[in-house]
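In what comes next, chain A is part of two complexes: it sits with chain B in the first one and with chain C in the second one.
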Partner chain A sequence: MKPDFRRNMIWLHTYSGLLIGWLLFAIFVTGTLSYFTPEISQWMKPELGSQTTSNKLINKSLQMLKQKSDKSERWQINLPTQRSNQFTLSWWIKENNKTKRNVVTLNSQTFNEIHVRDTHGGNFFRTFHYTLELRQYGGRYFAGIAAMVMLIGIFTGIFTHRRFFQDFFTIRVKKLMKTVTDLHAIVGVITLPFCFVISFSALLIYISLYMPWSAEHHFDNGYRELNSKVTTSLPKLISANKTVEPLIDLEPILAKVEKAWPEHSAITHLIYERPFDLNGRIVIYRQAKMSLSNKSEILAFNAKSGELLEAIAPERTARMIRRIFYGLHEAHFAQPVLRWLLFFMGVASCILIGSGLIIWLKKRLDKLKQRHFGHTLVERLNIAGICGLILAVVSYFYANRLIPINLESRAVLEVNVFLFVWFASFIYSFLRPALKAWLELLFLNGIAFLMLPILDLVINPHWLIQAIEYKNMAYIGFNLALIISGGICLMFYYWLRKTDLKTHIKINNTNHEEQILC
Partner chain B sequence: MLISFIIQFSALWFLSQAQKKHFKLVFNIPFTTYIEKKFKGLGWILLLLSYGVALIFENIPMASVYWLSFLSLNILSVTIFNSFYAYKFKKV
Partner chain C sequence: MHYRLNITSRALAAIFGGYAFAVASSFALVPILMLFFSLVKSDAVYLATMLSYIFYFAAIIFSFCRSSILLVCRDMTLACGVLYLVHLGASTL
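Presenting the complex of A and B:
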């Protein structure tokens, strides 16, 4: 390998990372949180309580839906699962050539309606990580560029580290910058497959947006038409124009479902198409666990005879590959252990990006006699982009508990709190000396994380008590995660303060006071 | 799956010790080519075995995802183990 090539790779790795590092960090933090979207939503919608799930809920739900309207075009029952405690019934009614969806959220034990607070819940992090709250202003393009830069960073990173395999089994712990550099190298290695799959699949998911030209050239309706041509689904249901009573005892069908899916027959939701028509059809959706693909596994039955209908035809290989990458990106199939492992890799990726940004600045400041505005800007953006973002995330949870429930557009307000705190931390980082800003924000993060479960308990102790009573691990786990996060922030705060004090003493002894400011 | 995880951890530990840099942090005996070959061989065999064990519990795609995720965690675990050992005995 020519030395020039390596130098070019280092340059590309350094500046591509710097240019988009903060954006990547925000995308990876929110994306990592998205592995627990239903769990976060569960905590953010405490009115739902702890739900129990059983197939027995289906028959009662069907009876209830039948009473709602005899003109329904379609029914849908979303069952509570281990991860999501949403138990909802939906029915669609055609009015003036428009189909209107009606939804009701229920308590699975009493079947009483629950009024849930207006919040985006964990879904906010999921949508933020690819739209950046700029859906109408090219947010998805920015996210796409970030994914592309991440891929560049991954490949150039391999060339940047000469002793790639020799170095990755040790971290030098005595000097702060050596620790950070080693940590950057080690997490770079361990997250290599993860970051590649995540970045590549991110580009594949929105391939129609990033590379629309081929589809637009070959099809009148562009990607939409291509999509409809390569996606296989159930045939369109044609009405028999003969009214019948809908099926409200699903036991025989559920028995068939268990027979068809003997290994894992848990259901997430079911759709009853044209319940009052002779040709009515019941579609059962299996809980994702067995396949990496994001294509739902379904079974369709004739509502009248209970007969199992023909399965959906398999899709083309290219389509299936895209679906597998889509599935790998979302990890809908991941069971708790795997989900935590993926979360861990997401956190490691955040450490990779964050440490890269810190190393860039430190290496330059060490060589400089006088810094210019660019260095200060990078320094402050590091503080706001890393510590500020974490504070914004925790503020979003505070907003969820503190904004009055009956306030109009409270979901939007929660998001605004997140954005405002993030921006405020950026301003704050300019008002304080860099190291102090790091320490203060870290301390604030730690305290904020630790106080949140207490606030939750103070507002309504019943939520946590019920979660313990029903062994609702999502709710309890979220509170535990808050405590652990707070502990980590405070530990890091004390460690950094201790290191800082040592540095101060050392520098004072050698009369290099200027370096303290760095 | 836990068995696969433990085997993989052992495999990575042997592979890490097949390098002089890490070996001398842990052992007080001289590092020889014989030791390197033995450790490397054992490491690779155990690594393959851990994948084989993962395949017993899950289908190929799912087992591969688990195995790769374990790999990341185990590399970090071995790193922390080596670093802690080196730090404890003040060799770094």
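Presenting the complex of A and C:
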């Protein structure tokens, strides 16, 4: 081991990055996509169309819920928002000691039920980025390890710079390898705070999984008891055992809500607990705009008298710290401009990780006389991990459009397409020379991205037309994003081909000169 | 071969030793936070658990910069021992 601190840090940077780089790349790509979970879901559930929202929907929904069953324990109304077009009513009925949830998805204008295709939508990326589809097999632990390694990576990365500021303002475009190295350095500096907050908050989200020992020791019931001690919530509702008619005119309560929240009074959902009981309670959830914390802002009302119930007590500071980190990670508070900024920070982090993996390999291949199998493996994993993953993401969208709607367990099939394409690209990368595989997969990605909006139009032009009619930026924006991504892939393809040809010619020329000199 | 052994042992010390150090810190910080920052027990446990990641992080960096692996093991054991004693002392008092 080299004794020098800086060299040690560089070593740690290199090998911790290599070991977990592909996993981190996959987590960051899917995590970045999940900034737009509801928007992606909108595109993947085109049957929903564009929904308009207003608080007037609530009264009619309550009436509908009342007709559904008079044994409901709980009602929930999810209103469409600027980001999500899902308008759902749910009611819970107790059957044999089990409470069963029933859900209908409605059209907000006609109140007719909409049958949505069976799909996980954008939620797949969200769950994938921390469970890796291995929830039962410790997927969340792998994600936690990856987050820790990312922290190590960004800390040790600082020491790889000899001249921090000079490096930041340098980019050499003539040689492929130099460009990638400079890009890695620049992006690394830009995303440093972003990556720190994302990785550290990721670790904090699962303290119950990663560091439960102190809680296990200090409390009989472990982390669960600790959590209940620091978290505040509404008191548990006790049934009065007296049946009453549920409230179906919410206007007075909504007027009070407006008063309590003079700004940003938009509601995402409301829960009506024990609608047929004298003690029934209505809880109204505010859209997350005003606070970084992930604790939802609510107002609770007594359903019978319509009076505002006592607010939830503020939480303990320790709990609030974790909530704010959690909120920063999820970024539900971010409005479009900030959301896009965060998205681009995510993309930059993906570029950081991807370029790091490419640098590792290139640096070694250039010096190498004879290749080790490890080098080949890294080379192929780079292709499958970077290009293959993006191809898998696109094919997930294709699967959403192409798999017949009535097929059983369709949602699972879509996910399997994602995993299968990813794996297939890995196999494919072994069958082709490395550079060819890069170029071909890039080209395929570009074409696939560009064809997707066309496919969408061919399958049902009504979806896009309706989105334009309603100025539904989620749907249109998704299609635009596909076209732009396709363009970037193709641009990158041509750039890579050109730069590579140049280097080839150069090498040939130098060989030629050497021969002449000899 | 010596180089590989060195790296492997450092990595093991970083991963497992570092984790043990972090767990120890999540125990030892509880009485410290309660005494010096007058936190309630639940708050102290919660905060100590969150802070323990920083100790883990520091231990990983530490095990790769100490000049010899034996020093890493010695220091890490000592640190864990001290933290354990703090925890033990506080729970017996």
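Simple rule for what comes next: the second predicted complex is superposed on the first by the 507 of 518 C-alpha atoms of A that agree within 3 Å, B and C clash if a C-alpha of one lies under 4 Å from a C-alpha of the other, contacts with A are read in each partner's own complex, and residues count from 1 in each chain.
Operating definition for what follows: a residue touches a chain if its C-beta (ideal position, glycine included) is under 8 Å from a C-beta of that chain, and two chains touch if they have at least 3 such contacts.
Note that the structure is predicted; figures quoted are calculated from it, not measured.
Once the two complexes are laid over each other on the shared chain, residue contacts for A:R322 go to chain C alone; chain B is not touched.
Shared-chain residue A:F333: touches chain B; no touch with chain C. Touch criterion not met for A:K236: it reaches neither chain B nor chain C. In the superposition on chain A, contact of A:F5 is made with chain C only, not with chain B. Judged by the touch definition given at the top, the superposed model places A:L342 against chain B, while chain C stays out of reach. By the touch criterion given at the top, residues 3, 6-7, 10, 22-23, 26-27, 30, 39-43, 45-50, 52-53, 56-57, 60-61, 64-65, 67, 69 of chain C touch chain A in their complex.
Those residues of chain B whose C-beta lies close enough to touch chain A in the complex are 1, 16, 19, 21-22, 25, 59, 61-62, 65-66, 68-73, 75-76, 78-80, 82-83, 86-87, 92.
Those residues of chain A lying in contact with chain C across their complex are 1, 3, 5, 8-9, 11-12, 148, 151-152, 155-156, 200, 203-204, 207, 210-215, 217-219, 226, 229-230, 316-319, 321-322.
The touching residues of chain A, when paired with chain B in their complex, are 166, 168-174, 186-187, 189-191, 193-194, 290-292, 324, 328, 333-334, 337-338, 341-342, 344-345, 348.
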